[in-house]
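Take this structure, written in structure tokens, and hold onto it; I'll ask about it next.
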Amino acid sequence: MPNAPADCDVIEKTSTVDCTLNYRVDGPSDFLFQIHALEGMDQKVIRESLDIVPPLPHRVYADPTLNHRFLRLHADVGDLTLRYHAVVQRRIERVEAMPAFVPIAELPDQVMHNLMPTRYCESDLLGRAAYKLFSHLAPGMPQVQAIVDWIHDNMDYQIGSSQNTTTARDAYLQRAGVCRDFAHLGVTFCRALNIPARLVVGYAPFNEPPPDFHAVFEAYLGQRWILFDATRMSPLDQLVRIASGRDAKDVAFATLFGPATMTSMAPLISPAAGEPAS
Amino acid sequence: MPNAPADCDVIEKTSTVDCTLNYRVDGPSDFLFQIHALEGMDQKVIRESLDIVPPLPHRVYADPTLNHRFLRLHADVGDLTLRYHAVVQRRIERVEAMPAFVPIAELPDQVMHNLMPTRYCESDLLGRAAYKLFSHLAPGMPQVQAIVDWIHDNMDYQIGSSQNTTTARDAYLQRAGVCRDFAHLGVTFCRALNIPARLVVGYAPFNEPPPDFHAVFEAYLGQRWILFDATRMSPLDQLVRIASGRDAKDVAFATLFGPATMTSMAPLISPAAGEPAS
Amino acid sequence: MPNAPADCDVIEKTSTVDCTLNYRVDGPSDFLFQIHALEGMDQKVIRESLDIVPPLPHRVYADPTLNHRFLRLHADVGDLTLRYHAVVQRRIERVEAMPAFVPIAELPDQVMHNLMPTRYCESDLLGRAAYKLFSHLAPGMPQVQAIVDWIHDNMDYQIGSSQNTTTARDAYLQRAGVCRDFAHLGVTFCRALNIPARLVVGYAPFNEPPPDFHAVFEAYLGQRWILFDATRMSPLDQLVRIASGRDAKDVAFATLFGPATMTSMAPLISPAAGEPAS
Amino acid sequence: MPNAPADCDVIEKTSTVDCTLNYRVDGPSDFLFQIHALEGMDQKVIRESLDIVPPLPHRVYADPTLNHRFLRLHADVGDLTLRYHAVVQRRIERVEAMPAFVPIAELPDQVMHNLMPTRYCESDLLGRAAYKLFSHLAPGMPQVQAIVDWIHDNMDYQIGSSQNTTTARDAYLQRAGVCRDFAHLGVTFCRALNIPARLVVGYAPFNEPPPDFHAVFEAYLGQRWILFDATRMSPLDQLVRIASGRDAKDVAFATLFGPATMTSMAPLISPAAGEPAS
């Protein structure tokens, strides 16, 4: 959950999402999208629309546990355009300064799996490194803050330095990556320190091109999920959440089965009319 | 689901599970076990008991989707023994000879994630290898059968050749592993060919020591999950299922947090009294 | 050594090499080149010239064992152009149809290290795979021919599929690569089967753009080095050899230390005037 | 070269090496040993003897460049014992406090290859990590000293944590290893910082069992090779050198081809009679 500024306990923000994705389809292909704003947690979708050109039968369903939404469709040869528009209201609560570390025994059952290594977050392989780097700190928030600082200070943000298959281990070794890699490494270090963590993707404003979806991470502290962004590229209170998941595979904005290629993307977000620009 | 012999459509079997796990605990530790027989699918737990020595507060809960059960407990310094006993009845349906490949567009929503790569099943990395090895075959059952044959013929079953962190890619490279690695590789090749697949663990009789939990895999064909065992070490119709999951991390029989060590294990299974020995 | 056609024991060929390399140097940089045609083995350099623009102090020295030549120079900010021109005569002996496998005990001392794994040829990791794929064949030539066939049939030649750091293991896993990767995999399989092998780079004519240096491999059979090209992209009898080495690191055409970037390359080769075009 | 204490410029030491290796040979096998004390650099072999039981034809030859010696032999089924005995005199010169970094342009030709990545020293993969960790220091000795400190402080020396195939990258990731891994990581970081480095193996006294060969590394500074030991387990001035090489593959004390197994080893070293015990 985005964190409100220190001087107020709750703020509300409304944002407008305007996301366009274009594909060239060279043969029958199936698509699985996650581009709908999350309905739930601290978010309320005021209104939304989805346009698919050409019009195609499709299906939207929600994850039974976390409520993020999937869009499935099948397309034949030709161009394909998706446009998703939404107005989303967020209620941002201030995070207490030092939420408590939650001992394993006190973690909720459904959070336990967020301690486990996943495809892109090999916390089993980076356990000793995490211990060497962060075990001298008090468990919980001091460690997560040190993780965010370490990633920010020791990793180069470099577009093109990583690929779809790049994992936290790879990023840690090459000391470079993009937002997704920074978030994966944050998740990985947290899990290695017995702090449940997960990846979060959403819409976020960037000062720098190119527009893209944003990936950050959440750690479970003080019996709640708290957002962190090791890239420090976009204010967390402006993020419109799409989904949370184990890692990027769980929350990819698009998974393609078949000979299709994305030709352009523009996942834009702005303050809703009447809102301050931040 | 275990597959009945060819000459009958349904058979019923009753098995007795007698599982003992011993640990030495050198400091406060948390445990997450998955040792309960699955209640559901083709299985019915007739009766069961769990003894924990010394007696400790614990908690058993079921996965909301797949219904397998977890056991959580916290232990302090000392020895710890778990004994799980169960009588389980299974209803084994014969698998039709050639269940149909299910096109992506016709897969149930909740099965889609079983197409994705996971920590130990990097189907994104082995995609081209799977294609080279199996794409000349008709999609679906012929491919899965060829996968099972390939693994059986090209991998050495060798205790000690793999570790906790060994993945399908590692096993494929080193051409050796144990049941868990064989199953991971089966899962991985299936997913790479757009066939949903998952890991299954359970109790199974072995002719050869040492007794251990068994890992096999399931592929989604003909709109159902069908069991396969590339090790061919134990008849599938004698498997008592504990859990299904994305890979070994989802269904580990024990996950330890803290300075504890397993000193011995004996996950035994036998035909229930009055049942034929096979 | 390139292999003469079956109907004659020795042929002679003369080729003209015309190699141009262009760099942009953004700060003081050191260069280590290997672009000189080999003087020795089956090659004789009739004449050659090297132009460096701007003219810079430089140094050419030969490897004491294998005789390939290195060029070292230091450049400051600005553009840098190298042009190497040579006329090279090769004497190509026919390889006997089935040169004998050389048992380890009969290998010359100086060849022993060509059995060892190297940075890009991890024969220690691919040992069991090599054994599974090729151990049913008679040792020596039948195995090497099967290796070449396997690589040609099971690997995709795909420009852009590999990088500087790609190893034989990586290429084997991803089932794709370029000539260097094909040659590394050939070397790796040979070494895993106790056949000494090494990488060879040189100038070769291609029908397809872009012009590039070529990498092939040599196996030690019948007490001599015999050339193989798993890409089958260029006739071996037209290769002008630059160097042999343990793997690509030993024989890189250019190694850069400093902020310099190659802007273009044209390592061309053609039959010398008066020679038939193939 | 081992480094003399600060208060004298040259000291001489004499050591006695007594190395026994036992093998069980289950089928015809070839062996390549490197157990002879180096004759050259700062060492002089006063006398030596080699006993092979049963007596077998064998062959000792020296590397043409670095002069370390190889022993080759072929053995048939049965037990095999090697005993190598030597008295070695070393002349240990004091290393100047701050030997100068040697710019690439001033490196001797024959040292250039010690800048390249090798099988177990992937300096190409750890380049950015080396830069992040050590580039703020003055080039040369300050960096190498910081590398030794970093390895000593951040890696766990743990017997059994690594295998034959473990590389510097693996050791860096898992933050654990043995002397060979510590030395490989030192070599790797040096090369990544454009400091030539190589692995050195030899006989060294340890306070702790089990007796084993020792691996340390050399960096090229002040136009000479200087020894470093990141394990700090044995005084460098007591090391009797066997060989230097690119990495462990170049200088393995034994490489086996065939079904043979080492049953025990005892590479002992002690001060020669009349020498002080340290």
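Brief remarks on what is shown
All chains are identified by letter, namely A, B, C and D, in their written order; residue positions are counted from 1 within each chain.
One rule holds for everything that comes next: a residue touches a chain if its C-beta (ideal position, glycine included) is under 8 Å from a C-beta of that chain, and two chains touch if they have at least 3 such contacts.
Predicted model, so just to flag it, every value in this text is computed and none were measured.
One copy, chain B, sits rotated relative to the other, chain D; on C-alpha atoms the angle is 180 degrees to the nearest 5.
At the interface between chain A and chain B, two copies of one sequence, more than half of the residue numbers in use appear on both sides, so the contact is built from largely the same positions. Rounded to whole angstrom, the centroid-to-centroid distance between chain A and chain C, based on C-alpha atoms, equals 46 Å.
Inter-chain centre distance (chain A to chain B, centres taken as mean C-alpha positions): 31 Å. Averaging C-alpha coordinates per chain places the centre of chain B 48 Å away from that of chain C. Chain contacts: chain C has residues 125 touching two or more partner chains.
The touch graph of the protein chains shown is a ring with every node of degree two. Every pair of chains that touch is listed here: A-B, A-D, B-C, C-D.
The touching residues of chain A, counted against chain D in their complex, run 125-126, 128-129, 132, 154, 156, 169, 172-176.
Against chain C, the residues of chain D that register as touching in their complex are 30, 32, 59, 61, 64-65, 70, 72, 74, 103-105, 109-110, 112-113, 115-119, 122, 124-125, 164-165, 194, 249-250, 255, 257.
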